[in-house]
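Remarks on the structure that follows.
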Amino acid sequence: MKMTWDGYGKQLVKLVRVERHGETHEIADLSVCIRLEGDFAAAHSAGDNSHITATDTMKNTVYALASDGTGEIEEFAARLVSHFLRINPAVSKATVDVWESPWARIPVGGKPHGSAFVRAASDKRTAVVSGTREATTVRAGIDDLVVLKSSHSGFEGFRNDIFTTLKETSDRIFATAIQANWLYASTGLAYGTLWQGVRRTILETFAQHDSRSVQHTMYAMGDAVLATFDDVAEIHFSLPNKHHIPFNLEPFGLRNSNEIFVPTVEPYGLIEATFRR
Amino acid sequence: MKMTWDGYGKQLVKLVRVERHGETHEIADLSVCIRLEGDFAAAHSAGDNSHITATDTMKNTVYALASDGTGEIEEFAARLVSHFLRINPAVSKATVDVWESPWARIPVGGKPHGSAFVRAASDKRTAVVSGTREATTVRAGIDDLVVLKSSHSGFEGFRNDIFTTLKETSDRIFATAIQANWLYASTGLAYGTLWQGVRRTILETFAQHDSRSVQHTMYAMGDAVLATFDDVAEIHFSLPNKHHIPFNLEPFGLRNSNEIFVPTVEPYGLIEATFRR
Amino acid sequence: MKMTWDGYGKQLVKLVRVERHGETHEIADLSVCIRLEGDFAAAHSAGDNSHITATDTMKNTVYALASDGTGEIEEFAARLVSHFLRINPAVSKATVDVWESPWARIPVGGKPHGSAFVRAASDKRTAVVSGTREATTVRAGIDDLVVLKSSHSGFEGFRNDIFTTLKETSDRIFATAIQANWLYASTGLAYGTLWQGVRRTILETFAQHDSRSVQHTMYAMGDAVLATFDDVAEIHFSLPNKHHIPFNLEPFGLRNSNEIFVPTVEPYGLIEATFRR
Amino acid sequence: MKMTWDGYGKQLVKLVRVERHGETHEIADLSVCIRLEGDFAAAHSAGDNSHITATDTMKNTVYALASDGTGEIEEFAARLVSHFLRINPAVSKATVDVWESPWARIPVGGKPHGSAFVRAASDKRTAVVSGTREATTVRAGIDDLVVLKSSHSGFEGFRNDIFTTLKETSDRIFATAIQANWLYASTGLAYGTLWQGVRRTILETFAQHDSRSVQHTMYAMGDAVLATFDDVAEIHFSLPNKHHIPFNLEPFGLRNSNEIFVPTVEPYGLIEATFRR
């Protein structure tokens, strides 16, 4: 028997960091996942753990490195990747995922409070940094950006086979929870500004597109991001089609003029693609 | 054997309603739960379903009544309650829960789009209307309003017993997911405006309070709501204490000046109370 | 403003206890929730915590008391209730919920292994003990006992109103996740044996009943339990109707002889009742 | 911009099939996910859906093909793969995941009932069949097989770095939720018998192994499966380390002789590897 791949690490290390500037605090709310690959064969075949950094140590490392500040999540992930490559010669590759939950200041009398916060939105900012001793790649992303458009969306002209019952429509609800991640062409970028820009571009494209399918709008969003941001080399989308089915009111002598929908959870369509410059 | 209580109904009827005014659409995204109580003994003891409104019919009713518009969720719930009391003489009490997920218009070039939306926040607006042939009560509420304050929060002077190890602190993170619901003193109120007002009062009180415990701030929030809104007769809070534990950096020769916290999921404190005028 | 009710405690204290008898181990896998009620008004109104047992102390207490063994979950809950009433004079009522996840020994060569276990089933055994200085009540229960019967189940003769579209059927799938809890008439009973007996009675009745509705079978299960177990004073059921909808194969020229079903998650019926001797 | 990869399909098509042989019924409880890859570029770039099989049609296909019976889940997945390759010339590759929830007959008076079932275990049987016009691969698997061993498990001799605080132990609880999937060397095998055999081999190896780490036991399980089953060409494991942390009873003057553990949910270790013959 040979082992053709292995990796291990710590999942869901949760961290909240408070940075205090007098009465004004900044908070970072992060979840970190770490995976190491390298020369760990003896641990598997002989129970020899001498090359193994305990996953508990990985957890400690997250909190210890955060004590210097976390910065942008791409930077924090990169520091963790570098650390594990440096601290353990058996490690040939380290991958760190970070996601950040958004908080906004609570407005009090119209002014944002210095140290009281409310969860701002449902979507999360994500980063994945992967590094070997030779190279590092930085990906950023968005998770669970829930959107819906109630016009300029149809689905027509699809294949008809023996099991097709879906009717063509030029006016359907298009709802999804956008998951996107993109590869940066270089490192050391203004990650925060770029992330805000990509998120805005995706949202604006979604809003304005005359959609003939999920694929069609996904392509338009990819195109807009790559056209606008030179620093983005590649973008990947994963879009669940959160179907909204018109409820049939005819049995009650009522008309449903595309107003009353049943949002369904399962089954759901899933449409994915990767676009490159 | 006697049956001392029974009730039945339909849970999680999901409804999205699109109201179209040319290019400007309004959407309502609701989940509805219905429970009927009444004279259903024969169904239990003899399998006689003649008094039973099928839960499938309840589901249909939600969509059918929504075709006239839903209005404020308290109003929609009240219409459903009235309907079930009217349509089935065996029903003596009907209870309808509605909760609404918030959407915001996607900004495009700084202007809100007419028919494209993004999930606005994590908290939900809720209503529970309960009615008999004699009386109706209307409760409104908030669910999962996630907040955190990083100053003006301590926990000191609690009882010390043989199993106490928690240290007193005058500076701890206070984080919770506020669940609140309140009883209105009358019906036919400006529910939307009131709900926004209560939510704002809760948030502002949470932000500004010098908290000595979750109980202490919960009381202050109840007090503020009852002092501000004459229409609120009673308010109930359920506040999970989402503990944030300072991470011990001493083994690494580092200091944690109340900056690095481990947010924990379980176990968690749960603090509840009901306040009346 | 007056406070009309309050209570607080710790939720989801997780505990695994290993009892070692040489190579043969016993494990108990418990989740514990605690709620105290009493004289805590000053904590709310004045931030005076002197009557407050910290929820962190409650957590410690669970592990400390478990070091003497846990016994049946009803007994462990009762010990915790007694402890909190004794240790804090401000407490007038304590309620402890415990639920236990089932494990079975892994068979090796046909013989059960002494210290290796596999999760045995999806249902959990539950207990709720509630005590004041005057009295204690013990409830036991079952949670998430997922069952399905594919014969001897129909739903006919229900009310027909303007929004009814459901067809009557004498042959439908009846699937549910049984949640039941029952009050014991006294304490100090053979809780483990009783629990196994009630579970078996519920399952056998579900299997054998000619069901005209969920209500009908729920009543039969309640009747069987109360008829069989003198120690049970009351039983409550909460039964979600996990609808299985026949898929319409007619558009494809195929027949569905009640063979192909779509199990749905939402919306779902919920049928509840309490039966007393 | 170029599209470097794309695929789409339907997720979570749920199906329950009842096969009736008089009073004895068999049930199959399946979830099916489908993904198609092929020549769909025009859908993305031009909104031309003529090559697109609607995901709604995929859903219908699952139910329609099930009307002939489902057989082993590997066979049902393979029939779906063949169907989509045949029905749509634009499809170059189809991948179908199926997982099956286990049910057992309810025993009544010691005898298994013919048509009443109880959920049997928490783990699921899975299959993934992937096919092009040239070749088909069949993988089978297990998901969420929750196991725990309370002896013969340690973790010692791991690397010590500046952030290491974990103590070595020769006696720890090893708990995990086994996710495994394996590639068959050929098709048309006795999939049901093989699956039972692989599951049993994994469980027995887990139970009997003297574990020095999760890696060590994972390797042993892979080795045992590949040694026993010639039809398995490759096996992949993904093992979350469900940490059980001894609770510190010293502050209370009590001893914890490795008896009282806190099972934790997060963070958790994750150990993965692929083994080949």
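In order of appearance the chains are A, B, C and D, and numbering begins at 1 in each one.
What we mean here is this: a contact is a pair of C-beta atoms (placed from the backbone, for glycine too) under 8 Å apart; a residue touches a chain by one contact, two chains touch by 3 or more.
Note that this is a predicted model, so its numbers are computed, not measured.
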Given chain A and chain C, the chains that contact each of them: B, D
Far-end chain from chain C, centres as C-alpha averages: A
Pair joined by more contacting C-beta pairs (B-D or B-C): B-C
Inter-chain centre distance, chain B versus chain C - centres from mean C-alpha coordinates, in Å: 24
Between chain D and chain B, distance of the C-alpha-averaged centres to the nearest whole Å: 37
Computed distance of Cα centres, chain D from chain C, in Å: 28
Multi-chain contact residues (two or more partners), chain A: 14, 60, 64, 162-163, 165, 251-252, 266
Interfacial residue positions of chain A with respect to chain D in the complex: 1-14, 35, 40, 43-57, 59-61, 64, 87-88, 155-159, 161-166, 211-216, 218-219, 222-223, 226-227, 234, 240-241, 266-277
Touch list for chain B against partner chain A, complex: 14-20, 23, 25, 27, 29, 60, 63-64, 66-67, 103, 106-109, 113-123, 145-152, 173, 203-204, 206-208, 244, 247, 249, 251-252, 254-256, 258-264
In the complex with chain A, residue positions of chain C that touch it: 162-163, 165, 251-252, 265-266
